[in-house]
Each structure stands twice: as structure tokens, then as C-alpha cells.
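In what follows, chain A forms one complex with chain B and a second complex with chain C.
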Partner chain A sequence: MGIRWKGKGAEAKALADPMSKIVSQLKCSLIEYDSRGLLSGFSVLIEANEEQTGLFNRTCFGRRNITTEKDKQWFQLSMEEAFYLSYMLKCIKVVGEDNCPTNDDELWKYAISKRNNFPNLFKAYSHLRMKNWVVRAGSQYGVDFVAYPHHPTLVYSEYAVLILSVEDDNSNGRLRVWLDFHCTLRLCGSVAKTLLVLHIDKNCSAATSPSCLESCLVEERTVTRWNPEQSRENQTTVQKEPSN
Partner chain B sequence: MGIRWKGKGAEAKALADPMSKIVSQLKCSLIEYDSRGLLSGFSVLIEANEEQTGLFNRTCFGRRNITTEKDKQWFQLSMEEAFYLSYMLKCIKVVGEDNCPTNDDELWKYAISKRNNFPNLFKAYSHLRMKNWVVRAGSQYGVDFVAYPHHPTLVYSEYAVLILSVEDDNSNGRLRVWLDFHCTLRLCGSVAKTLLVLHIDKNCSAATSPSCLESCLVEERTVTRWNPEQSRENQTTVQKEPSN
Partner chain C sequence: MEDDERERFRFYEERSDCDSDSEGYVEDLVDDALCYSSCDIPKLQLRKDVSKAQWIEELGMAEVVEKKGKMWTTTGIVRDGKIYCSIEETLFLAEIGALHIVNGDDTYLSLKDLYEKIAIGNDGYGSSWESFEVYRHLKSLGYIVGRYGVPWTFKSTKINSIAENGASELDGTSCNGSRHNIFITEMFTNLQFGEVKPMFDVYLPNSKFKKSSPGSPCFLLCRTSDHPPSKQATEDLETRCKGHHIKFCNVEHGRVNFFSFNKVELPILP
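And now, the complex of A and B:
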């Protein structure tokens, strides 16, 4: 499918401002201000100053909550985003209702108690984020995530991401029958995305610590329709056939 | 969604030529010529004279096979179509390799041996055909069938049909997770069809006779996205709210 930029100049803008660099800036700023997120159900609320607001927006972490406070901005992070900033980038602390910071293991167990397949979701999320993809929820396309090469204002999402796991019971039960494959591929085609299946080779939902994820492997597969005509001959070496 | 006719005059054409009437004509013609279909894998080949060719085309049964024979036309019926014509309309006989006609029970067992969920596929197919819907394969939309109010040259298909059964093992495993729902509904929306779920309340795949189907009930459900704005107030009785 290839990268589809949104209008002229978008590509140049993105190249001049690599995602890895902006994420580093966000990380430094959050560490500098000893930022803390408040656990709230399956998401985390975090206060942001003006600089951080810009960086959250540009890196596409969280969604801004509209409040009446003029000087303060609040961002709502998904559990995967919060855990990525806290466990992988070590730039925020997440505090519970008692205002005490939770450690990695506590937050990990809390997340799994709320959603059993959190380890798979997080492994897939962090796998893509670490490769500097911008990752957003994909439920509107019937997938787990969508992945953008850069900020969604500059470029269309390239991949519709489905997570499959070793254990069927813990997987989301997708792509087991041909009709589901047909449906998913047809939808991906109609919204110009490539289906990316991330297969997680280990079930960490019983693990007491996120360190379990380190030994997890992620197998990446893109799924496309096979076009027999296109694949029939190697176009570069084929000799013209006599027409019948 | 409503019926979407293909161009001017299509609706009048369809009304002047009800599907029930053409199917009756096909039935009479097939009985008159004592028509026989040849079992071939999971489909049935049937010879058609000129009149029957027209009726097969207009009723949308089978697909015409291109042969070099000029006077004879051959149609390839799906197993559901063949069983509908043979068991429900009693207008064709299906013969096996030995050229001996199979009876209903034999054909039934043969079909199940080839595809375990044939009873569900057939129940759903005949349920819609008996209500004069034109039913075609739906795999290109990731569903079991698509249903047209009349011939596909006159009207777009209105329903994307998924079959669910009582026993999970015998169902096609669809719509069990929200992401699959999202995917299916989004695709149906983008191709302007309504998702129709036919729930079959009994598993007949172990039955030795198709008479098992008579006690089967089909529950019909259409699935649409809920639009909170649209449903918020009854538009006909609502009083204008003061604007804030």
C-alpha cells in the first residue's frame, strides 16, 4: 500500500521532526517535572504544562480532556500508553487512589485484573511504539490498533493491527474462520490499510511481573489478497507470449 | 437502509415480474422435462433448454457454465440451490456417478459428509428463498449470503446474512467478540447493506433425514449501529429545547 501523506509538505514536515526525537523530548520533560498520572479505571489522567501539552499532542499520547482550568491541561492515557511511559520510558509515576505511587508489578497486576489480555495488548503496543510507529485504538476498523508512520494529521494510518496469541482462550478469537478473514481483508482494503497480524508467542497473563514480556517474541505477518494475475510471471524477465 | 433500485424503471420492472411467479414457471418447466442434475463435488450440474436458461437466469439459480455445445446450456447449482429445487420444490432429481437418482435422505447425508454445517446453510437459504429473496454467496463481504429483493441486475443486495447456530462448534464462530462485530458492521455500512443474523435453534447435522429441519426455528435479527443522537428524543413530539 505504501505511505499516504496528507497533502503537500507533510512528508518534509515529518522528516524534519522524527517521532523518536519528539518522544525523547516528552520523556525528558516528564522526568524533569517528576510527572505523576492518576489511575482512573482502565486509564490514567496526567497533568501537563504548556510544553508537555504540545509534546503529548505531537507524539500522539493520550487524549486531551477538556476542563475549565485555564493554565492546566489534563491528558487521558490508555493503560497501554501509561504503562509504556512508566515501565518502558520510566518518565512518569502512576499513583493510585491513596496518592501513593504504584510500582511496575502493582500496576501490571492491576491492569491484568481489569483486562486479562493486557499483556498481549501492551506487548504489541510497545513493540510498535519502540519502532517509532504512532499507535492508536483500532476498534472503529474492527482491529486492536491502527499504526501511523507519523502523526495522524500528516499521514494516513498504514496498518490495521490484530493481535493473536498462542492460547486461543486468551486470543480475541479473530481470523479463525475464512469468512472473518474475508471480512477483515475487505474492510482493510476499503480503508486502504494493510492488515498486520502480531502473533505473541507466550501468555504472560499469569505472570506477577512485566519482566515476563522480555522473553516474549512477536511475530509480524502482513496479510494481503493474492492476485493470481500479478504473480503469474516475473514481469521483469517475462517474454511476450503470442496472443491467442 | 431500504431498497436501492438500479436506475430508472427497475422498480416497475421488478413489480411487473414478481420473483414468486418466475420461480413457479421454472418449477413447472423443470417438472415438465423431468430434469436431472448431476452431482459433482459440492455442486450439481444441470442441463437447460432455451426456456429454462432464461428462467434460471431470471430467478438467479446457479451460474451458467460456458461450453462449446451450442444448443445445450449447463448450469452449475450450489448444493443449497440444488437441494432447494429437489427437496423443497420437488422439480429436479439429482443423480450420482452411477446415473441413479438419489433420494432426499441420500443427498442430505452426502451434503453433510462434504460440509458439516450444510443443515444450517440450507435452512437459512431456504428460509430466505421461500420469502422470495434472491440469495447469493456472500464470501466477498465476509458473510454467508447476500439477499436481494429481486434480480441483482435490477436492485442492490439489501442484507448481508450471517448464520449462527445453537452449538458454538457448529457455528462459523462469528460475532463472538466485539472487534468482529465492529469489523462486520463497518464493512456492511461501507457497502450499504444491513447485517441480518439468522439464528438456527437446532443442530441437524447428525440427523439422517432433512425432515429434521421442519422443527428448526430461524430467529431473524438485524444489527445496526446505535446512533445516540437519533434516538435521544422522539422527533415528532419533542419540544424545542432552549439553547445553552
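And now, the complex of A and C:
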């Protein structure tokens, strides 16, 4: 795969430290300390010691809240990140306002009540994370997520990700008209190499519990512009060679 | 490459939608300025070698009666030893002054007459203004463009792409009444919402192109209704056109845009 590394030592660094390994370390540390996240709005706040701070940063989970507290750090996890750590990796517990840990179904229903598109959002997020891609928010670029093959300090992002739910008629979805394509591709050009559309099984949006997600399929398609002027320049030299 | 074609390329390169690496706004401003300025618009050179063709109304095509220049290796289909041009080919050549077209009674068909022909109803001889814009854009850049499902010549034993409506093409002994079916494929009738249909076979620029053995097209160019194709429609098309690379085009305000929707499988990273 044509991964675009940032700087000379980047590739070696990434190979020495595969993302799956770092995530695994984060998981172990969180379990060891019986880490709990505090549900707040559509985010989960979590305390991290020094080791966990480093691991959160290296795996790109959460954003750090800058505070003056010295011995511990606070991270803010998005709902998909929190749910991934809690449901998929089973390494944190999310507590509600009554200080009781929520179970998966309760948290799921809560998330859907805040964003009814949460099932699709989460399916897409976990689909990519399970393949050890680093997934970050993409809203500032007009897309759902931005996916990196490793840490953003080491690589350029490969994909700008847009989620499309497979309905019979996509009239309520994204990329409905050609202008949407032009717009999104234009934005994408400056942030990632390619626009990736994830088509998610229509059963996913109706998932009443996270276990329903397992049977939902995700199809990956790239959307690229073709430039006939540039392609021609690359190809005509080949054509001029004598044929057999 | 013909001199006039080169001239045409330059004209188009200045006008075309520059989707360059920088994706900057500068190119667009220049492009618009050129579009709207009344002077400094590059002019096409007047040709010395002008071919002649006769428009045959029943076929919706022009039969070449006098061939001049090298462009005939990549333009027009060959039937019974004669070359026939579709309306888009005819119009393209007329615009660059490479072809004079006459009626059956030898009266001259002007550019205006040809523009009127392509505008007729929703089936202007199997074409439309938008499909002509696409054809012209690619042809000007040197690509070789043929209608999907229409063989370049009957001599070729291999149909170069899956011909959905071309069943009658294979029977060379059709009588006059059904000759119309041989040449026109119903590709340009109104499409349903989200429906897609292959429109052109596109080959890379190739000075050694032979109509008798064109090989496989580089890609099939598909048109859609004014909405982008639905996922289902894209998949159905891929199934029908198995083995061929597919691209989609969208024409807006005189700009032709090309897109690919490729199925991928992201690798599982270490």
C-alpha cells in the first residue's frame, strides 16, 4: 500500500510499534486500573495517569483537556471512542450521573437518544479501528472521519470517510446530488488522499442493541475524480513504443 | 497527431476544468476570465484538407464520401467498406472545420443545421448536447471514443465491449428496414432516477489504433440521470460490464467531470 510517511524515520518507527500493539497496551493499562469514564452529554471524560496519557496520545483516542492538575490528566472521549473501548475492547466502564456503571444496552440507547445516526457512526468507526486504522473526527473537513494508517505525526491521512446508509432511496442521505460530490471532493483534496464512502447495511440503523451490529455489512468504495488531461500525459509516451 | 487536433487541445487545455494538484482557486479565475473575455480566445486554424460526407436521415449518420487527413483511423464506423459518422462525430469534425456535410440533394448542411439536429427531442439521433460535450472534451484531448456496443467494423471478430442492444449488429445481412437498428443504440433516452447506462467506449490516445482490432477499451464511460448513481445501479452496471473499468461523467454548465467509484478493501494493518 502506498502509505505516505512523514519524514525519514517514520516508517521504521511505525513498523517497530504497530498500532495493534499500542492499543493492546492501552487496553491492559485501563483494565489494570479499573478505569471509569464519566458520561457527560455526548462525551465521556476519563482520568489518565502518566502511562495512560502516553498511550491515549499514541493511539489517538480522545482529546486532552488542558488543566493545571499535575499528577493526572483528563481526556475527553467521543461517544464512538468510549463505546469502542467499553463494548469492543471491554477495558473501561462508563458511569452515569448516579455513579453506577452503565451496561452496554443502556449506553447504546443513551447514545441513540442523542444522535439517532449513532449505530451507523459507531459501525463505521469500529470497522476501521478493528483493522488497526487510526480514526479521528472529520467534521471540520465536512466528512465523518479521517483515517490514518498510523499516528498522524508519522503519516499523512489516507482517507476522508463518509458514511452512507444503504436505503432503498438515498434521498435522506449524503452525496445525493452531484454538487455534493464536487463539494466533498474539493474539501477532501486538502486533507486526505482519497474520499472513502462506507456503505452500511440498512439493518444497522435499526439496531436496538450493539450485538445487532455484528451481522451488518460494510462495503468500502472510493470516490475519485479522473482528470483526462493528466492521464493522457502519463499514457501517451507508453503508446508511442512500437507494438509487437 | 493532426495539427488541428493539437490546436484543439491547446484550446481545451486553456478552457478545461483544471483539476490540478493544488486545487487552488487561481485556475478557476483564469478559466472564467477566458470564458467571458471577448478577445484573446484562441481560434482554430483553417484547414486545407477538408473531408466530405453526406447526411443520411434514415440512419441518423453521415456517410463519408471524400476522406482527407489521418483522423479517419480513429473516427467513424466501417460498414460495407464505407465510413459512417455518428452525429457527435459529425458535429465535432464540423466544428473544427474538418468536414463538409451535404444533404442527399447536395445542399450544404451548416453548423446551425447540425446543432438543430442534435437538439431534436430527447433522442437526437441517439445523442444529446451533453453527451456531445463529453465526446468533444475527450476527443480534443486525443482519446479515441466510440459508442458503447457499436463495433468499429464488421470485420472484427471480437466485439470490443458487451453490446446490450447490439444483437442486430451481428447479423450483417439485415435489410434496409432494420438498418436503423444497426447504427443507433438507444442509449440516450431519458433515464430513471439513479439509473446508469454505458455511453462510450474510451481508448487511450494511440497512433497505432486499428478499427479492425481495437482491443479492449481503457474504460466504459457511463451516463447517469441528473442525480449520481445509486449504489445498486452502480453494482448492477459492474455486473453487466464485468471485466471493464467503469467511469461516470457529469456535465454541468459546460464543464465535464469524470468520477470513479471503485470497490476497495482496506487492509488490516499491523
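We adopt the following convention: the second predicted complex is superposed on the first by the 211 of 244 C-alpha atoms of A that agree within 3 Å, B and C clash if a C-alpha of one lies under 4 Å from a C-alpha of the other, contacts with A are read in each partner's own complex, and residues count from 1 in each chain.
Methods note: a residue touches a chain if its C-beta (ideal position, glycine included) is under 8 Å from a C-beta of that chain, and two chains touch if they have at least 3 such contacts.
All values derive from a computational prediction rather than experimental measurement.
Q: With the two complexes superposed on chain A, say which partner A:112 touches: chain B (first), chain C (second), both, or neither.
A: neither
Q: Which chain makes contact with more of the residues of chain A, chain B or else chain C?
A: C
Q: Which of the two partners, first being chain B and second being chain C, lies in contact with A:219: first, second, both, or neither?
A: second
Q: Please indicate which partner A:182 is in contact with in the superposed arrangement: first for chain B, second for chain C, both, or neither.
A: both
Q: What is the contact status of A:91 with respect to chain B (first) and chain C (second): first, second, both, or neither?
A: A:91 sits against neither chain B nor chain C.
Q: Regarding the shared-chain residue A:139, is it in contact with chain B (first), chain C (second), both, or neither?
A: first
Q: Let me test your reading of the model: by the given contact rule, A:121 touches which partner, first (chain B), second (chain C), both or neither?
A: neither
Q: Looking at the overlay, does A:150 come into contact with chain B only (first), chain C only (second), both, or neither?
A: In the superposition, A:150 contacts chain C only.
Q: Looking at the overlay, does A:174 come into contact with chain B only (first), chain C only (second), both, or neither?
A: The answer is first: A:174 touches chain B but not chain C.
Q: Between chain B and chain C, which residues of chain A are contacted by each of them?
A: On chain A, the residues that contact chain B in one structure and chain C in the other are 176-178, 180-182, 186, 190.
Q: In the complex, go through chain C and note every residue touching chain A.
A: Residues 13, 16, 18-19, 23, 137-138, 141-143, 194, 204-208, 226-228, 230-231, 247, 250, 252, 257-270.
Q: Enumerate the contact residues on chain B facing chain A in the complex.
A: For this pair, the touching residues of chain B are 139-144, 162, 172-174, 176-187, 190-191.
Q: Please output the residues of chain A touching chain C within their complex, sorted ascending.
A: So the residues of chain A touching chain C come out as 1, 15, 18-20, 128, 130-133, 147, 149-150, 159, 164, 166, 169-170, 175-178, 180-182, 186, 189-190, 196-197, 199, 219-232, 235-236, 239-240, 243.
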